[in-house]
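One structure is given here, and the rest of the page talks about it.
Chains here go by letter, A, B, C, D and E, matching the order in which they are written, and residues are numbered from 1 within each.
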């Protein structure tokens, strides 16, 4: 795993936000790494641990706790569909189904430990997320960092990311 | 708790005990006559006649180990039978099932399992205590041998006597 | 030296003791086992020979072949002596028992003493030495207890035993057992006064003390022979096997034999005193006097009668054993000293009164 | 511990189950309850570790005096000066909360019982319930509290959460995640005490899994303590695993003899076989821990190499003889020697009593050549000491040695020059442990050697006697901090093994007549008469936790740190 | 104030009282500092740094503003908990980890009016003496985080942050800290742990009350986004004036987020207690979908206890017994608490009679089972157990007795956990069973009561058959 200098510089800057304890920077560092690499690999965990002078297990503990961190590579565009009550009432299950169909993703292998399903072509991956905090405009989903409200049609949504 | 038993107050003729004695003699005489006349027959002529067909369902014969229908050891060497055995007839040496074993999931099995049949009193506590339903009292009752060593049933012998016992054993459940 | 007397006596001793009493002992053991089995709805020994009749042989063989083991902690001399001391008195007592009238002119009794009952008691009580000695010599606690119990039991019941037959002696006026039997043969058995002289008011009246005597006598014989319900010297539940706990093989067998022999002699005495000995009821085939000639087949019948009666009494012994539970030791002593002793004395007086008043 | 010299601690009145007691301020509720005999069940709480309060087993009902509303009269005190208690409807954990003035605690109320029952049920739903296989069975808190507080049945009809089983997380430890109840004791131990934070939780919620970081191992010298503190069978010791059920083990209090620390231990044995050593709490020596090195250093006790009978060299090598003959042979040979022709090499592994007998022997044999074999290794910053002899201080005191090992050089020199003709070696393997050579020893006229195991030195000895090992003898030792502690016998040695003091006593007797010693107590009595430091003591007065005997400036790093944490109130201690 | 024009179709309802949301959906409004300054931005900060910090706290106390995060604890009182003899640094954390299902107000504040938050935070920091503050923003708002960071940089530039703010000797740094998708980080001690770089396991209280032992074991104030925004307005209006808004003890305005089965879900800033639930649903949200009836309402985020549509509530108000219908409940803290629920975070979820109650409960339980941190036993084991039971209820594989088990499990969690998550996850179940037992039992199968439904046995049998 090669961490580009630019990224490392950004990470170092982030670390300065926590003058009391370097350890606090675990989340920002991991976010930066995930943003760059798409997921947090074992090496990334160790790199972060070295960077923050922590035992690797302390970083792994954090990585595995948060659903926001992925330990396996997602697709180029990672879709998160809200499944919590308001969105579910607004039809997020149907949305998930149509998205999977449109992006050709098979979610049958999804388990608690592997919530992410990646499409055959690797372009799209998808998972259910808990509340994305836009309950009034359900069903909602996020594609990478883009937020989409009142998603009616899966194809329209995906077309924006098909290049 | 102690219970105080009140002795019945006896009449004077009862105190002589003679009526009771004659009554008793009468009873034994009746049995004697009945037996002599061949009216009663309980005794079985052992080696020629055997009980095998008449053994009750829960007859307590020799204790033995059983496998399940896939020939897997049910015993996990928990040593509870060794603990409960009143005459201390059972000796178990547990071992770890090696990781490459087909049944490694269960982790533990008996390496040695000896029941000293000279000591065994056929009480059945081992069967009762077994959490894996691995030890059963079978119907074998004529356990003989010509040396003390021969009377100690080892694991192999115990499985020979025991045979299979069908039924679900949760510990093998791969999904668990 | 009267060689004929010696020869005949030897024949009688050998014949009676070795050909009759000992086999009888053996077979009473067999009978004990078979009868007890029958009473308990079992089969009993039935494998050796027809109906297990050879079982006593097998047992005997086993006893003989077993290792004659002497524990290291015993007092050896006395330990060895004890079984013999139990066996011998039992066999000795049979010397005075008239087991028949006459056969070929010879009295069917080994020693026709005039003090028959006294001889019996004197010798029989010697057997307690064997038991006491065994208990003491074994040098372990259960035999010791057994021995001690045996002593006190013997002493207690010897008295009532002796006193119980005094009424009979008073009635018959003789101590010669042969004459007592002859008397009964002619004048009705002590317990069956239905012919001869006993068919009188006094005769019937005397039946009362005689019956009392009989009960005391029989009970005391049980106690004397250590039979259940008075087998406290060897009671298994408390003392393992009592005085013979430490014995095995033939030495043990001697105790066993002695015990059963004592039982047979006791039965013989009971038969002689209360059931008219070798005589048949109602004076059938009874000789006129002890001196009278008896045809040989009469003699044979008399011998047969005697042993038949003995066998009946033995069966009664066995029957009692498998019917009644064992006494507690204090109950046993109480029975002997508080009841039987007093009753026996009173019985003597009662007999005396009857004999004097009702003439 | 004595509280003398410390400022008086403020005491507070606390009502526990209706009875008023006094406790120093700052006492944890759970400890207060324990002190008055009300055991509060708990899993995560450990007095030597921080309290995260996560198991929720120690929930109790708590109450405080009512706080008057503005304008209301303050509540009145009763005749004993206690305020009424208004009970808080929500239960609180007893492990992390401290007592407060006029506080009320109910450990036996309906709510408390309901909480315990509820927590037990929840702990058990995803627990595999494989007690027959699990090594912890018999000393499992889950089992114990389930019997005490569980409701006896399960309403759980779902499928249990599946987690990794039989995970190899270190050379000495095995992990079963399904059994884990996430009390985090092991994590806290490795973080706070062992300073080797390799354990951690991954994932979350019901799926939380205890793990070591991939590629790392829980391998520090204190790793097996995690097995001790694991309240369930999640962590098991590879060494003890499946060897013996704990309910068969006879437990005897003793001390570890693998280094000079003298950690207090419990020896678990069955039928004269030692199965495990576990630490025993002693806040002056080892807190509640011990090192893996000491813990596993007992397998030689059950070894096939054990000497079982006295041996005397005959025409065809060593022959088994009776004890009396062996002692007589030794006495004959030693009796032929002049003063200072014999050297006595005792051992720092001997008890004071044995050393005392050795001292007697030296004076009977009229020799000045007395020493022990020093033994050292690397010390760590926790418990393990550099001095690997458990009783160096005892040897110094009893034998009067200044510098152990000093006289060894003289002895070797004397041997080389032929001045020393005979050697008495008590429980030391000179060839392997003290650098002696077989040739050197071969030159001597006579060697008497006692040792538990067959060894090269025994090969050269004329009389070889089986001497008892540490679990097979009674006696006392003085650890590096100068504390006199007691060994107790847990097993009988194999064959005809005898304790060294018995052997030496018999030898002295054969050399010079009776000495009035029949019991180890007699030895101690005579020792107390001759050595001032032991005056007034007896073996039984030493007690299970030992008594301070000598002043040394030895510090125990682990204890120092622990005391610091106690002072800060982080842990109870 | 000149009339503010809002974007077409997003005009506030006449019943609204827009204060925090004044600039949300406003025509010509953007989140830049210039726009903000143009509307009198940072004036209050300037005013504040000239005041005594204690005076600000007093104003806030006077205003009686209650925490908008869920618990409704008065913010001023919270600030006052910092030990008076404190020598350690003080931290302020803005809790922007808005994860309560049904709540979505923070999103709009952060996205559209970040400077309002920053100004509020700066004032609060000044009041409590904090020199370092963090905005803990949830991972799902990447855009919000960027906007905030940009806003912070702008404020820095203009001297509203950094050293010597507005000419005073007050220094302040605010950093944005992104979470990673954990609901538990909304719990203040969990948030602090997360911010310390650990697993967000909530701490035990006592001894870890944040105001005394918070971030890095120093006094720490954790406030919700909306709460901090109010600070600015309190200073603007003055505490007493502010307290006149709303109803006594339930002062100010609050933002209600309505979702679920209504015609027009959305957000409404209203004076606390001045609007009833009925008005919110029927009036502001345009009522239910045609032909539907209210089956249930969750009035304060998914962890609030559910209210049944046809329920009536007997409560005491001003010493009098009143009976309220669901529609008549005023949206304030105290009345909702008296009705057995809570105002919580202001997320109102309306459920009409087309919904299956067991499905709704299952969805909520799945959320809490997923979000349980797993630190303490009852919630770790219980939340998943509840979810598994409701899974079966939904699948029709449950027996009526399972409903009792479900209730018992919830009660085993309630009140016995380290943090309030225990209540959050058990209250929905408890209240749904209390109010909709018949509906839940109706979706069970009484035949299964006797049969021990143990999937393990079934699975094991299937495994053996292989």
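Side notes on the structure shown:
By definition in this document, contacts are C-beta pairs under 8 Å (C-beta built on N, C-alpha and C of every residue); 3 or more make two chains touch, one makes a residue touch a chain.
All figures in this text were calculated on a predicted structure; none of them were measured in a lab.
Least step count on the touch graph, chain A to chain B: 2. The chains that touch chain C as well as chain D are B. With centres computed from Cα atoms alone, the innermost chain of the structure is D.
Centroid distances from chain D, each centroid being the mean of CA atoms, peak for C. The leading chain pair by number of C-beta pairs in contact is A-E. Of all chains, the one whose Cα centroid sits at the greatest distance from that of chain A is C.
Inter-chain centre distance (chain A to chain D, centres taken as mean C-alpha positions): 50 Å. Chain A and chain E have Cα centroids separated by 24 Å.
Centre-to-centre separation between chain B and chain D, using Cα means, comes to 43 Å. Each chain gets one centre point, the mean of its Cα atoms, and the points for chain A and chain C are 109 Å apart. Chain B has residues 175-176 in contact with two or more other chains.
Under the contact definition stated at the top, the residues of chain D that touch 2 or more other chains are 159-160, 201, 203-204, 207. Counting partners per residue, chain A has 58, 61, 65 as the residues that reach two or more other chains. Touching chain D in their complex are the following residues of chain A: 42, 45, 55-58, 60-61, 64-65, 112-113.
Those residues of chain D that touch chain E in the complex are listed here as 51-57, 59, 89-91, 93, 96-97, 115, 118-119, 121-123, 125-126, 155-161, 181-182, 201, 203-208. Interface residues of chain B facing chain D in the complex, by the touch rule stated above, are 76-80, 82-83, 94-96, 99, 104-108, 131-132, 171, 175-176. Chain E meets chain D in the complex at residues 182, 199, 201, 204, 206-207, 369-378, 380-385, 388-389, 392, 402, 405, 408-409, 411-412, 415-418, 452-456, 459.
Interface residues of chain E, counted against chain A in their complex, comprise 89, 98-104, 106-107, 132, 138-143, 175, 177-183, 194-200, 215-216, 257-261, 265-267, 302, 347, 349, 351, 355, 360, 363-364, 366-367, 370-371, 373.
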